[in-house]
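Same chain, two partners: subunit A is paired with subunit B first, then with subunit C.
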Partner chain A sequence: MAKHVTQNLALAFLAGIVLLAILAPVLPLPDPIAMDVMNRHGSPSFAHLLGADEFGRDTLSRIAFGARASLAVAFIAAVLAGVAGVALGLVGGYFGGWPEILAMRPLDVILSFPPMLLALLTVALIGPGTETLTVLLAVLFVPTYARVAFGETLSVRHHEYVEAARALGHTAPRILFRTILSNVAGPILVQFSLVVAACILLESGLSFLGLGVTPPESSWGLMIRGARPYMYQAPMQLLWPCLALVLTVYSVNRVCDMLRDRFDPKAAVLWFPAPRKTARAASPAAVPAMGKMLDVRGLVTEIATPRGVIRALDGVSFSVRPGETVALVGESGSGKSMTGLSIMQLLPRRVGRIAGGEILYAREGAERSGASAAAAVDLARIPAARMRAHRGQEIGMVFQEPMACLNPVYTVGFQLTEALRAHGRMTKAEARARAEEELRRVGIPDPARRLNDYPHQLSGGMRQRVAIAIALCGRPRLLIADEPTTALDVTVQAQILVLLDDIRKMQGIGLVFITHNLGVVAEIADRVVVMYCGQVVEDGPVEDIFYRPLHPYTRGLIASVPQDGGSADKSRQLFSIPGTVPNPLDLPPGCRFAPRCPEAIAACTKAPPAMEAAGAGHQVRCIRWREI
Partner chain B sequence: MHYLARRTAVAAVTLLTVATLIFLLLHLVPGDPAEVLLSSGGMAPSHESVQALRLELGLDRPLGAQYASYLGRILQGNLGTSFQDHASISAEIAQRLPRTLELILASTALSLLVGVPAGLLAALRRGGFWDGLFASLASLGLSMPAFVTGTLLILLFSQTLKLVPAGGYVGFWESPGQHLIYLLMPAVSIAVGLIPVVFRMVRTSVLEFLEREWVRTARAKGLGERRVLTLHVLRNALSPVVTVIGLHLGTLLGGTVLVEYVFNWPGLSGMLVQAVEQRDYPAVQGIVLVICILFVLINLGVDVIYGLLDPRVRTR
Partner chain C sequence: MTAPLLSVRNLVKLYGGRGGPFSKAAAAIRAVDDVSFDIASGEVVGLVGESGSGKSTVGRTVLRLNEPTSGAISFDGEELTRATPARMRALRRDMQIIFQDPFSSLNPRARVEEIIGEAVDLRGPLPRGERRASVVRMLEHVSLSADHLRRFPHEFSGGQRQRLSIGRALAARPRLIVADEPVAALDVSIQAQIMNLIAALQRETQVAMLFISHDLGLVEFIADRVMVMYLGRVVETAPTREIYRRPRHPYTRALLAATPSIDPRAARARPRVLLRGEPPSPANPPSGCAFRTRCAFALEACAVARPALRDIGGGHQHACLRDDIDTPRV
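On to the complex of A and B.
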């Protein structure tokens, strides 16, 4: 809110200053260059509202005429630079090749000079003066516009509307100035306000040095220069032009921010309050069901987006037994990754939050960390500090992008020993020996040497093995793997799957395997949880899901798995289900799958279907599962 | 190594371009160069003086020959002699350059010292009180020209409160304490404009890096929040900050010119302003060239630091 107030004030101030500048000659102001030695540093009076300067000239009048000079120079320079720069950028970006080199290269020369110095060099050459200054500033800022226009033109050059104009036989100039220019106008307008501010600053600086606007003309920079020697006797004479200058530049900057908000698609997000203030009351029956190590019940997770709060998870329930592999399956946007992040309390801070439900976890291994043997915890409610003790030692997590999941600036050894030492006290040497062992365990050859490698020196598969080693080095009882094989090629994918499966078998850990690839699921999972639009739509043993799928969405998924051997490469992995995932801000009423469902009937859009038991350990969210 | 070699080559080409442009500028202005240099306020200079200047600057020789001797001269570190007193420009610059460097260094250090913690705090408490406060201060700081900040500092701390001298200079070896006092206000004036830049960049890049997967990995392995923030967020977020400081160097150097003038700091810029006032073109040329070299070299330094911060760049 405060932002809008200051923005409006800035706009009002700017409008006032511009009006003052334009109207200065017709306003009933004293002559700005008429000296009156008797009235040196005269205090404010009715005739001189802001007093008089060191020559007895009227300060208000000089401020007004100074605004006229500063703004005129800045505005004209910004327009001239804009016209030239945009033209060069458009031509360079549209044609490419030689025109690009001719238009853009020379500009780099201007950029290799600090602007103030190029200005001083020119003034030394041809002497100060308002016209010189304007032309100079214009030249200085041509590259700024040209770069923006060039970049924007490049990005729209192959857009449909440009191609369409070309197909219609429009000439290049017409396409450039009608079609493209109108589409790059926003960023250029932002640039314009930036350049105006920069010009005002440079102009006032040069005038302050006595090398810009020349006396007796008025300029804020000159006024500050003149008042400086007398600042002790007449501080207000110094402060007025300073105030005018700073407020004007500030207002222009605020207007620039406003323009940027308007043209930038990434609008501001309204953040959630800090988590501590919204601690949710403890749930009454915080114990997982018999034999379950993880029992997620009715989990609701909200995400703040620029266009409103969405429910990324809306009542998600599923459970994991020790030694069991549960696959969470769904298209992107189904909420499967959010589920993993919610369990780990790794939702983006103040952007995502758990708004309901429980994540019950049985701490069978409580004795290992030395904590008192509490039977169970609710991970959705425990404070961050206690959650930290669970991460890595109770629950480990592996992420999708092996490229991004390791910090590029540290060696593998650093990142692995860091994890080891977070789990238990050990010396550097011990940690290093353990690290070597951990790498060997995940099948990395020559581990001692790999420890000194940076992530970018390893292949994707190797990086993912390192990530798995990091996740497992605290001996967690549950591993959440978020699409760990998606970014890898097929053979490496298979190797990683085998590795994960071996580790699960050997250590009896529970595995939550998040994927969009049903082919992978068939190889590894015991149970499958199918998600759609933040809800579980079907949950059952892997055989049931593959041989007796009940939900039309599950059927669509299975039908779209390539027949030739499961895990196929990404390009052929496109689902054949018609339509797209609905916008989470605008979910269909009733069944969320209805718009894409081949079996949909009128009743489907009436009320949201509930989860129904459809067999031993098999549940489905569809009102027609019995019939179809 | 590869990376450094390429950066150095780019820097060398830039330097040659800059030197060439500085040479050509005199010839690009319409009219006879010697006349342009001597004319002031619409008054045409006398024929004799123009002839004399031509001879002095070698303007009577062909352009190619002039260019060759100009480049040769620069490579030997000879920047010519001043119009004013025929003193060696190089010697004068050599004496003043360290002082300008010191000012730049001090203000950059100050900006990092304030900007980095503020940016980090604002990012972690995004949308909160501190975030809002710092953001407003930053947009105010960006709107304050360095010479206004400097003048106001003098008004407040020297004239009104009489805490520090209004300007001047004492050599470090003569009186270290006094030297630092003289350095304080100029450095602050420049920093006021640079802190917002650092602050905004730190805030943006911390916010961006906070959501990186490796930060999640770091948290997922059970690291403490402080370790995650310093080692896995801030450490990585500093690379873009270094780049941005390099990009802002041009503005920074411009600010230094004004600030040195305001505080009578006897660096390069004071000499520059004086030379411009006196239309002492060889001196201006020399100083601008040196500052441009500085500009390019500091940018090269930035690239080197960038390489040190990011192992991927080194081997690329």
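On to the complex of A and C.
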């Protein structure tokens, strides 16, 4: 990739410059301050590879020694500023209060002066020189570090591992330097490279003005100053130090980007190529089965991760009838949420894609008449624009975190009327009246007043009710609810479950309820689809699943839930499934549950089991369901 | 009866409320409002409540990770609120905490050996080899192994990280552990593993524990005694069996009724008694009984004075004015 080539070039150039600077005294270079007036502005020759300057001094040699001055000043200043700034930032961020004021406020004073102005002032007072310059630059850049360290410390301080260190009885210095410092080091290192680049520029600028490095010592700024009056006679003499300066600063910044990528793994995302229009041709005349409004068949969804492509869904099939509640149950990584997002075409752009299967959806009334091809759509294949029209009006969605669909800067009323007007033409007044009605339908007391509230003024339960109202205001026939009660308290959860169930009954909508909570499933579901590692492992009516579970995973899940029973026996154990969910990049061959399954036999690890019918509407993906 | 290991009296923790020169004074949030309880050596006390009930704040304040606003906390006869910082640091090794989030409770830049070793160090400096052996023993205790010594936290699953947290807490050989929702962030199948581990280690080491959770099933599994909190106050406390069989406070009843059961027929058959509304803001709690705004049994008297915890025998206390509510739990 081009990015890597320039990065490596930058790294190589920087390494070369640093080496040149370090080795300058031992390299066979002419003396950088030996004048040779006869050779003023001499052209390049073997003795003087880059020619000579206005005093006949060797340009290459002066560049090398100039690099020594520039880089030394920049590095030393950056390190000094770093040590002081990080210490101040850590202390200010960790302790807060008075230490924060003492550590951070004086720095604001430094920041309020333009750096160049402050530098000019100081040099004018103290006089130029390399040491003055270094100290000055260090002071100038202390605030930059301090602010970064302060901000990072503030965010790290609230992590529980810092609390844990306090709970262990560690002293504040130990917590600061051993626990916090290592966790804020990344951004500080990035800051370091930025400061080095800035110091190089500032040093050159000051030297150019005659306020930095003093002649006859060499510095790039001084060289530019020397060459400037003769820029028409000897333009090359101006070019070389400028080139050195520009390339060095560019390289430092480039390396800085590299560091940033390294320390911020979130920045590195693997993307799928942009989808080709013809990639997935519509399958001819696929219609949902009789009586089904949603019929998902063999759905395959892939997710690109930095470590490879994951099959988040691998042949998922299930169906929903009008007025039916289907629960998708599973643990993290089972693919239950991915299924909801796939149906809604809400997979993260170019990170997730549907790679196979069908999501057949029958429009109004079509499921009864046996679904002609015209009334059915394959949501896995329709273009994004058509999907947008389906969202909200055919299928609504509710998320775990209601703030996911509520905009914090608009009132509830504004957001709800916007949604209503997107679904049908109406005046503002009409929309407002409808919005009030919609809020009343989801059990919000005093809806007219609530319309003027912002989302943050509502409690968690009220927010979820508003989110449900927005999802339902386009009168969808199918509602997908992804862990809608997980973030709520049990007493509020009970209210929301009743609300969703009442809405389903009254409007006859299909409800896909995604959850990890088996108790919630038992309360609300008609059918249960149990998922594990991107596959459906069992699918059946709710009573079959809870009273006659067939798959060992389903049994294990149900047995893991603590049930009321006498706690007199202190030695009792909860049933638990051993082991952990396998890595999606390294799935076991055969049955994906086999490594954790108490009933697994040799055949289980040989070939992946298929779904088998095990009773009326009950299917299971286990080769041993008859025996166990 | 011997003196309790931990004794908390009239604990109050306010948040905010002081307006600075540039901000107007906001009403203080009474996160913990006059809470008293004891934990005996080797006892497991379950602390139950919904979000905002102040249950986590109680846990942190007891360890002085948050400074209490007022009240007394005595640990093994020593008053913690008056302990100097140095004395407090020394006392901390006897009191450990297990956090909810297995991802933020372990230092991402420290290896396992360092994470557990830090806690081992609290028992006094050990030679390198012995320290490592001690760390490995602790890892094996929590079903990890010596292979994990050089790993970083991000190389572990959520359940394994929680094992590390438990190992770190136990490595200091504390006498009291505050477990703050230790399995709430884990998958169901892993929850059971970790609960079994906590219960087994507790039995083995006889460490006293304050087990904080919103999950009544988990608390019933592990606790000897249960306290129920609502809006910063303890509304009921009783031995575990008693409180689940004969809950007296209307809030405890509502909480038990709202907990979904995994029996679909029973879930559908039972009458749907829903609690109205949501907890009021702790910045502005109702007068008298904090629960009265949502309580189906509230009287006028409930608004007048704050009901105190009343002892009804057998270690059962509740803070409800009424004794005549006796709808049995379904």
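Just so we're on the same page, the second predicted complex is superposed on the first by the 413 of 628 C-alpha atoms of A that agree within 3 Å, B and C clash if a C-alpha of one lies under 4 Å from a C-alpha of the other, contacts with A are read in each partner's own complex, and residues count from 1 in each chain.
Going forward, contacts are C-beta pairs under 8 Å (C-beta built on N, C-alpha and C of every residue); 3 or more make two chains touch, one makes a residue touch a chain.
Given the structure is predicted, the values throughout are model-derived calculations rather than measurements.
In the superposed model, A:F208 lies in contact with subunit B only, and not with subunit C.
Of the two partner chains placed by superposition, A:R475 touches none, neither subunit B nor subunit C.
Legend: residue contacts after superposition of the two complexes on their common chain; A:F546 is shown touching subunit C, with no touch to subunit B.
When the two structures are aligned on the shared chain, A:L557 is found in touch with subunit C, with no touch to subunit B.
When both complexes are overlaid on chain A, the residue A:S112 reaches subunit B alone and has no touch with subunit C. Touching more residues of subunit A than its counterpart among subunit B and subunit C is B.
Using the contact criterion defined above for the overlaid structures, shared-chain residue A:H170 touches subunit C, although it does not reach subunit B. Legend: residue contacts after superposition of the two complexes on their common chain; A:R432 is shown touching neither subunit B nor subunit C. Of all residues in subunit B, those touching subunit A in their complex are 14, 17-18, 21-22, 25-26, 29, 36-37, 39-41, 125-128, 132, 136, 139-140, 142-148, 151-152, 154-155, 159-160, 210-214, 216-225, 227, 231-232, 235-236, 249-251, 253-255, 257-258, 261, 272-273, 275-277, 279-281, 284-285, 288, 291-292, 295-296, 309-312, 315.
Residues of subunit A touching subunit B in their complex: 2, 6, 108-109, 112-118, 120-127, 197, 201-202, 204-205, 208-211, 221, 224, 228, 231-232, 235, 238-239, 242, 245-247, 249-250, 253-254, 257, 270-271, 274, 341, 344, 346, 348-350, 384, 388-393, 396-397, 399-401, 404-410, 415, 418-419, 422-423, 454, 456-457, 467, 470-471, 473-474. Within the complex, the subunit C residues that touch subunit A are 50-51, 60, 63, 65, 88-93, 95-97, 99-101, 104-110, 118-119, 122, 157-160, 165, 168, 172, 187-193, 195-196, 199, 203, 214-215, 217-218, 220-221, 223, 240-241, 244, 254-255, 257-265, 267-268, 272, 274-275, 278-279.
Interface of subunit A with subunit C (complex): residues 159-161, 163-171, 179, 182-183, 185, 331-332, 459-462, 489-495, 497-498, 516-523, 525, 542-543, 546, 556-558, 560-564, 566-568, 570-571, 573-578, 580-581.
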